[in-house]
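Data block below; observations after.
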Amino acid sequence: MKLLKCIIQPHKLEQVKDALNNIGIKGMTVTEVKGYGRQRGHKEIYRGLEYNIFFLPKIQLDVVVEDQLVNEATKAVLENARTGHIGDGKIFVMDVQNAIRIRTGEEGQDAL
Amino acid sequence: MKLLKCIIQPHKLEQVKDALNNIGIKGMTVTEVKGYGRQRGHKEIYRGLEYNIFFLPKIQLDVVVEDQLVNEATKAVLENARTGHIGDGKIFVMDVQNAIRIRTGEEGQDAL
Amino acid sequence: MKLLKCIIQPHKLEQVKDALNNIGIKGMTVTEVKGYGRQRGHKEIYRGLEYNIFFLPKIQLDVVVEDQLVNEATKAVLENARTGHIGDGKIFVMDVQNAIRIRTGEEGQDAL
Amino acid sequence: MMFLKRFRTSPRNRSFIMALLACVALFALLGCTKAENPHKTIADINGADTAWLLVSTALVMLMTPALAFFYGGLVRNKNVLSVVMQSFIALGVITIIWVLFGYSLAFGPSLIKVGESSFLGSLNWAGARNVGLAPHTVYANTVPHRLFMMYQCMFAVITPALISGAFAERMKFKTYLAFISLWCILVYCPVAHWVWSENGWLLKLGALDFAGGTVVHISSGYTALLVAIMIKPRRGFPREAFVPHNLITTVLGAGLLWFGWFGFNAGSALSSGSVAVVAFTSTHIAAAAGAVAWMFVDWFFKDKPTILGAASGAVAGLVAITPAAGYVGPLAAIVIGGIAGVVCSYAVTLRARKGIDDALDAFGVHGVGGTIGAILTGVFASSYLNSAVTKPSLLGGGVALMGAQILAVVATIAYAVIVSYIILKVLDLTMGLRVSTEEEQMGLDIIEHGEAAYTS
Amino acid sequence: MMFLKRFRTSPRNRSFIMALLACVALFALLGCTKAENPHKTIADINGADTAWLLVSTALVMLMTPALAFFYGGLVRNKNVLSVVMQSFIALGVITIIWVLFGYSLAFGPSLIKVGESSFLGSLNWAGARNVGLAPHTVYANTVPHRLFMMYQCMFAVITPALISGAFAERMKFKTYLAFISLWCILVYCPVAHWVWSENGWLLKLGALDFAGGTVVHISSGYTALLVAIMIKPRRGFPREAFVPHNLITTVLGAGLLWFGWFGFNAGSALSSGSVAVVAFTSTHIAAAAGAVAWMFVDWFFKDKPTILGAASGAVAGLVAITPAAGYVGPLAAIVIGGIAGVVCSYAVTLRARKGIDDALDAFGVHGVGGTIGAILTGVFASSYLNSAVTKPSLLGGGVALMGAQILAVVATIAYAVIVSYIILKVLDLTMGLRVSTEEEQMGLDIIEHGEAAYTS
Amino acid sequence: MMFLKRFRTSPRNRSFIMALLACVALFALLGCTKAENPHKTIADINGADTAWLLVSTALVMLMTPALAFFYGGLVRNKNVLSVVMQSFIALGVITIIWVLFGYSLAFGPSLIKVGESSFLGSLNWAGARNVGLAPHTVYANTVPHRLFMMYQCMFAVITPALISGAFAERMKFKTYLAFISLWCILVYCPVAHWVWSENGWLLKLGALDFAGGTVVHISSGYTALLVAIMIKPRRGFPREAFVPHNLITTVLGAGLLWFGWFGFNAGSALSSGSVAVVAFTSTHIAAAAGAVAWMFVDWFFKDKPTILGAASGAVAGLVAITPAAGYVGPLAAIVIGGIAGVVCSYAVTLRARKGIDDALDAFGVHGVGGTIGAILTGVFASSYLNSAVTKPSLLGGGVALMGAQILAVVATIAYAVIVSYIILKVLDLTMGLRVSTEEEQMGLDIIEHGEAAYTS
C-alpha cells in the first residue's frame, strides 16, 4: 500500500475527491495546511505596505491506496488538481506497511 | 521505529490517549482532520434539503513507537477507539527511519 | 528523498523557515497540531483548580528533501527550533518514494 | 499570483468609479441647507419624543451590521466578508443617496400626482434642502423634520441589504453596488412614497403598514426571489451542502436584530407614548412566538430543535409583526408570530425543493413573513389600540381594511418585481451579475475584496 | 449514521410537544385584551419616563443574548450552541409564559393573602387582560402599565437563563425547557410577587431590592448550586481542564451585559430622573471596581491578570450593585463592587475545590454576588439619595433594614432551593436530567440540536 | 513549564499592586458624598434630556468594548486577548480614577488660573463630592450633575484605550496600566479642562470642539504616534505581514463604534433637542461618506475595495465629524467624512512607509482624523444651526474661528506629546515598556495573561 500525500489548492478539493471516487478510492483524509514553495507566497498590500505572504492555505489530501491503484490515483489527482499556475502543489508517495480498520480489526488491503 | 497514523472519532481521543499512556507511550501528535470513507458522510437536513456531508470531523493521532511496541499500541488503539459503528477509523502503519529530539539532539529510540 | 516531519514550538516557525530557506530548501508544508510528550502539558489554574493541559499547540513542519540535504536540513532545524526547554519537539525522518509536481507532472527530485 | 492580475482595476472600472464620484460631488454642491417648514417651529419639538426617536434611529442603524452578522454566519468561510461587506457598505452608499435625493423622492412634495394621490416625490428636498429642524406637520409633528429623515434613512439602508441574502456567494461586488443604488432609487423610494408619504396613493386607499411590512419586507423579499432565479444557483446547488460556517455569528446577528427591531417598530410610533408601547409589546412577543414555533417545527420534522430554526423564527416573527406592530395586542402578536414561524419555515423548505437558490432565504423570511404580516394586519388591527386604524379589520367585522391590505401587497410585489427585473437585465448585459466559476470556487472574499476573514 | 436514529423524535416526544402547543393555544384564546386601570388614564403617561423605560426594556432584552455569549465562550467547542440556545430560547418560552399568566402570578391582584401581605398573584391579569396602556398607580405611575409588564418580562427571561451556567454541557434540552418553564412559574413568579408586588410580604417587611438582587440573582444563583450538585459533575471533572473555547465571545458577552445592565438597574427607577442617575452611576462604578478587584486577585494568586477574571469581576460587581443601585452613592459603589470582585472570585475557587461542577459559576457570581449586594444594601442604603429607603441602614445607624435584608435573603434561598429541588426530582424521574455519557462525549450541539457551531 | 516561572509575581510586583490598592482605598474613604449646587435643584431636571443623556452615556460606554473588538480583530491570534484586555480594563481603571479625582481635575472649580482662564481643576469635587443630583448651571443645566460626570467618564475611559492601538502586540501590561493612569491624570484631565471646563483657556479663546475632536482624538492620536516611535516596531516589521486575524471581529467593533458614536456626538448636545439632531445627522452621514471614500481609495490604488478600508473609513469619518458634529449640516458632513476617508487612508499608507509601527493606526485615524475635523470645523461651523458658534467660520466669512481652532490643535498636540514623552521615559526607565523578544514571539496572551483566546 502507498500513501499519496497530495498538497492541492483548496478550491480543487471537491473536484479531486469526485475524481478519486470515480476510480473507486474508498477513503481519504483531509487536513488544512499552509504551504510554501516555488510560489513563494504572494504579494499583498496591507495598510500601504507590500508584504510577502509566505504561507498560503493549501489542502493536504492523504489517500492510502493499494499498490496497483497508485498510477491511476496519481493521474486522477494530477488531472483534477491542475490549474496550470505555480502553487498547484505536489504529490508525495510514501510506503504504508499496514492498514487496520478499527471497527473490525481487518488488516491490509481489506481495511481500505 | 514505526509511525502509527490513527484516524479516530474525536470523542475517543481522551480515552485512546490514556490507554497509550498506560502502556508507556511517551508522546503523540494530534491533528484535526476531516475524513471520508465507507461512512460516506452522513445525511443532514438543512433548510429543507437533505444533503450528504461527505467530510466528517476526525482526529488524526500520530504516534511514533519502537518496533516492539507496535502490536501493543495497535491493540490499545483498537480497543479504545472502537464504538462499533462505521467511521471508527483506521490505523496506518508506516516506517520511520530516525527520530531526533530537538532539545538534546538525541537520535533513534532515545529520542522518543 | 526523505520527509522530515518536524514538530516544533509555534513561535519558532519563522526562524526555522528562514534557516531552511537559506540552505536552499524550496518548499514546505505547515500544519497546526497539538502535541503531547515528555513535557506532559503544563499546569494551568482555571477557576481555582489546577489542571494539566495535556495537549499543547505545536507546529508540524513537513519538508521533503533530497537525500543529500537531509543532514544539513536536520541541522538547520535543530539549531533554530531549539529553546533548550522540554517540549522543543522532534524530527521524524521518513522515506519518500516519489514526488510529483502537479502543475507540470515532473517527478522525483525535479519536483521539489 | 499572476492569476490575480486579471482582476486589477481596468480603465473601464476607473471611469465607472469616477462617474460615481462626480455624481456625488455634483449633488453635494447642489443642495443648500436652508430649512423651512411653514407650520411648525423648533419650539414645537417635544424632548421625550425626540429622545425616543434618536434612540430608535440608532437602533435601526445597528440592524444593518446585525444583518451582516446574521447573514455572514450562514455562508461559507470563503465568502463571509463579501456578505458582511454587502450589508456594511449599504450603510455608506444608501445613506449618501438618501440624503442627496432619495428622501426627497420618497417623502418630498409630490411630483407625479393623480387627483389627490401621489406617486413620486419631487427633488424639492434634495440635499436635505427644506428639511429643517422644525417638525414636519404631517410626518412627525413633535420631532425635528431632519430626524425623521434620518430615521427613514436607516430603513432605506437595510432594505436593499436584506435582498443580498438571495444572491450571496456569487454576485459581483461592482454590480451589487450598482444594483442597490438603482433599486433604492427606482423601487424603494417610489414604494415608500406610495405607502408613507403625505398623499401616497396606497395610504389614501387606507392600507396600513405600521413599520414597513410592505415597503421594507415585501419589496425586498420578492425582489430577492426574482434575483435568486435570475442569477441562478450557486455552483454545486443542490447537491452540495452549504452549511453555516459560524452559527455563533448568526445568533449574534439575530440577537442584535431583535434588539434593533424595537427601534424599527416602536420607533415608528414617532413618539414616546402609548402607541410606541403597543408596538414594542407586540414586537417582542411576536419574535418570541416565532422563535418557539419554528423551533418546534424543526423538532417535529427534522427531529432536532435547531438554533438556526429558533433564530430564523425570531426574525420571521419580527418581520410579520412589522406592519401590524402598532395596531395589535399581545395575544394577536403571539398568533402572528407563531403563524409566521410555521409558515416561513415551510416556505424555506419549499423554495429549496423547488431548486431555487435564495441562499439565505431572504424571500422565505422577508417576502413570506411580510406578506403574512400585511394580511394579518387586516385581520387583527384594532382601532381600540391605535386611532390610525380607520377601517374595520376582519375581527372588527369588515373587509375594507383587508381589501386595502391585499391591494397594497399586490401592487408592491408587481412593481418591485417588474422594475427589479429591468434593472437586473440591464446590469446583466452591461456589467454581468455573476463572478466566473473559478472565482466562485476561490471565494469572493479573496477575489472581490483581496482579504481573508480569518487567518492564523 | 444509524447511531443518530436513536435520538429521533419518539411518539412520546410528539405528544409532549403537542400538549405544550395546545396549552399555548388555549391560553391565547382565553385572554381578551380589555385593559382598565381605575385610577390612571393615558393622559398620565410621561413621555420622558416612557422613553427611558422603552430603552431600558430593550437593553434588558439584550442581556439575554449577551449572557448567551458570555456563557457560550466559556464552554467547549462541541457544546457552545447548546449553551447559547439555552439562553436564546428562554427569550421565546418565558416571554410566552409571562404574557399568558406569569405576569399575573407575579404582579397581579393578590390571590393568596395573609393579613395585608400577599404571597401570590391571581390569574386576573392573565393574557395581559387588564394590563392596559394607562399607568398603574403603584408599579410605575407615569408609564403605560403594559410597558411595565414588558420590562418585567425581560427580567423573568434572563433569570432562568442565568441558572443554565450551572448545568452547562450535560443537561437534556427537553428537560431544560420543562425546567425553566416550571421554575419560572413556581419559583420566579412567587418570589417576584413577594418582593415587588403591591402587597408582597417581603416588601411589607421593608426589605429593599432595587433591581433584583434577591429576585433575580439570589433565586437563580442558589438554584444553580443545587442543580450543579444534583445533576453531578461533567465527565472528567475535575481531572480534565474545561478551558473556555473562545474568550472573545465571552468578552463580547461581558461588554453587552455591562451595557444592558444600565437598563436593568437605572431602568428600575421607572422614570427618567435623579434615581435613575443614582442607579446608573453606581452600576457603572461597581462594574469597574469588580473588574479591577478580581483582576488583582488573579494577579496575586495566579500570577497573571486574566481577562476572564476582569470580565467575571465586572459581572460580579454588576450583580452585587443590583439590589443597592438606586440607594447608594459612588464611593459605596466602589466598595460594593470591589468586595464582590474579591469575594466572588474566592467563592469560585472554593466551589471548584469542593468538587462541585457549577460549570460556569452561576452560583459563585450570581448567588454570592447577589447575597453580598443584598447585605451591603443594608449597610449603605441612604435615604438621602432615595426616599424609598425608609429604614435606617447600618451606616445610617440602625439594624432594622439589615434585619429585613437578611430575612429576604434567607426566605428567598429557602424557597428557591426547596421548590427547585422538587421540580428537579420530578424531572429526573420523568424525563431524566442528563444526556448519556456517550452523548456527552460527542457534544450537545450535534446530539441535541443536530448542528455544529463552526464548520470550515 | 519552568520557563513560565520567571514571570511569576515577584515581591516587587506585589508591593506595586499593594500600593495601588492602598491608594484606591484611601481615596475611597476620603470622599463624603454631600452634593450641592447653589443655583439649581432637582426640580430643574428635565426628564427628556436626562433620558437622552442616560442613553448616550450607555452608548459611549459600549464604545470601549467596541474598540476592543475593532482592535482585537486586527492583531495576530496570539495577542488578541492582550489588546482586548487593554480596552476592557480601561473601563475599570479609568472609571475609578475619574470618580476619585479625575473628574474634579478636569471639570472641578479652577485650581490654576491666569486671569479668567483656567488651566486645571482643584480636588474640590474629588470622590464625587459636591457632584450632586441637581443640574450644574453651566455644564448641563437640565440634567443631574452626576450624570454629566458619568457621561464624561466614558470619554475619559475610551481616550487612553484609543492609544493602545499604537503599541499593540508588544507593551508590558503592567506598564500599560501605569501609562493609562498617568496619562489620564496628566494629559487627559488638563486638556479636557482647557477645552470643556467652565473657564478653560481654550474655551475662552473661542475654540469649538463639539464632542471631543481635540480632547479625545487629537490628544490620543498624537500620543499614539509618539509611543509607536518610542517603543519601536514589532519584531519583524516591516518585513513580515501582520494581517488581521479576524476581520469579522473588526467589523463587529466598527458597527458598535458607529452605533455608540451617536451617544458620543448627539449626546454631547446634553439635551434632547435640535442640536442633538444636528449632531446625530452629521455623525451618521460623515461615517457613511468616510466608509465610501476609503473604500474607493482602496479600489483605485489597491485594486480591491477592502472591508477593512470601509470599516476604517467609517471610523475616520466619525472621528473627523466629532468636533464639528453639532455645528454643521448634512452636506458639510459628506465633505468632512469624505475628506477624512481619503486623507486618513493616505496617512496610514505614509506612516507605514516611514517605518513607524503604529500597529493599528491610532495616529492615522484619530490623530489625522481629529485634526481634519478640528480644522474643518473652522471652515463649516454655522451659527445658523447652533448658537454656540459665536465666531465666523471660513464659509461664514471670517478667520477668527479658524485661528482659535488651529491654536487649540497646536496647544493640545504640544502638551500631549511633551507630557506623554516624560511619562514614557520614566516608565521605560522604571518598569520598561516592552516585553522581551522571546515573550513577543510567544505572544502576549499567554505571557501576560496566561490565557489563550481560542482553544479547541
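For reference, chains read A, B, C, D, E and F in written order, and residue numbers begin at 1 within each chain.
Throughout what follows, a contact is a pair of C-beta atoms (placed from the backbone, for glycine too) under 8 Å apart; a residue touches a chain by one contact, two chains touch by 3 or more.
From a predicted model like this one, the values you see are computed outputs, not experimental measurements.
Enquirer: Can you give the shortest number of steps from chain A to chain E, where adjacent chains in the path must touch?
Expert: 2
Enquirer: When chain D touches chain E, do the two copies use mostly the same residue numbers, with over half shared, or different ones?
Expert: Since fewer than half of the residue numbers are used by both chains, the interface counts as different.
Enquirer: What pair in A-F, A-D or C-F shares over half of its contact pairs, by residue number, with B-D?
Expert: That would be A-F, since it shares over half of the contact pairs of B-D.
Enquirer: Take the average of all CA coordinates in chain B, do the same for chain C, and state the distance between these two points in whole angstrom.
Expert: Distance between chain centres: 19 Å.
Enquirer: Calculate how many whole Å lie between the centre of chain C and the centre of chain E, each centre taken as the average of the chain's C-alpha atoms.
Expert: One centre to the other, that is 50 Å.
Enquirer: Measuring centre to centre with CA averages, how many angstrom lie between chain B and chain F?
Expert: The mean C-alpha positions of chain B and chain F differ by 51 Å.
Enquirer: Which residues belonging to chain F are in contact with no fewer than two other chains?
Expert: 46-48, 51-52, 55, 240, 243, 246, 252, 302, 450, 452, 456
Enquirer: Chain B: which residues touch two or more other chains?
Expert: 31-32, 44-45, 83, 85, 87, 94-95
Enquirer: Chain pairs in touch?
Expert: Here the touching pairs of chains are A-B, A-C, A-D, A-F, B-C, B-D, B-E, C-E, C-F, D-E, D-F, E-F.
Enquirer: Spell out the residues on chain C that touch chain F in their complex, using ranges where they run on.
Expert: Residues 11-12, 14, 39, 42-45, 57, 83, 85, 87.
Enquirer: Under the definition above, what is the set of chain F residues touching chain E in their complex?
Expert: Counting only chain F, the residues touching chain E are 7-9, 13-14, 17, 20-21, 24, 28, 31-33, 42, 45-48, 50-52, 54-55, 57-58, 61-62, 64-66, 68-69, 72, 80-81, 84-85, 88-89, 91-93, 95-96, 99, 127-128, 133, 143-144, 146-147, 149-150, 153, 173, 246, 249, 252, 448-456.
Enquirer: So in the complex, the part of chain C that touches chain E is made up of which residues?
Expert: Result: residues 44-49, 51-53 of chain C touch chain E.
Enquirer: Over in the complex, which chain E residues touch chain F? Could you list them?
Expert: Those in contact with chain F are residues 46-49, 51-52, 55, 59, 77, 243-248, 251-252, 254-256, 258-259, 262-263, 266, 271-274, 276-278, 280-281, 284-285, 287-289, 291-292, 295-296, 299-300, 302-308, 310-311, 313-314, 329-331, 334-335, 338, 385.
Enquirer: Where on chain D is chain A touching in the complex?
Expert: 1-4, 236, 240, 438, 441-443, 450, 452
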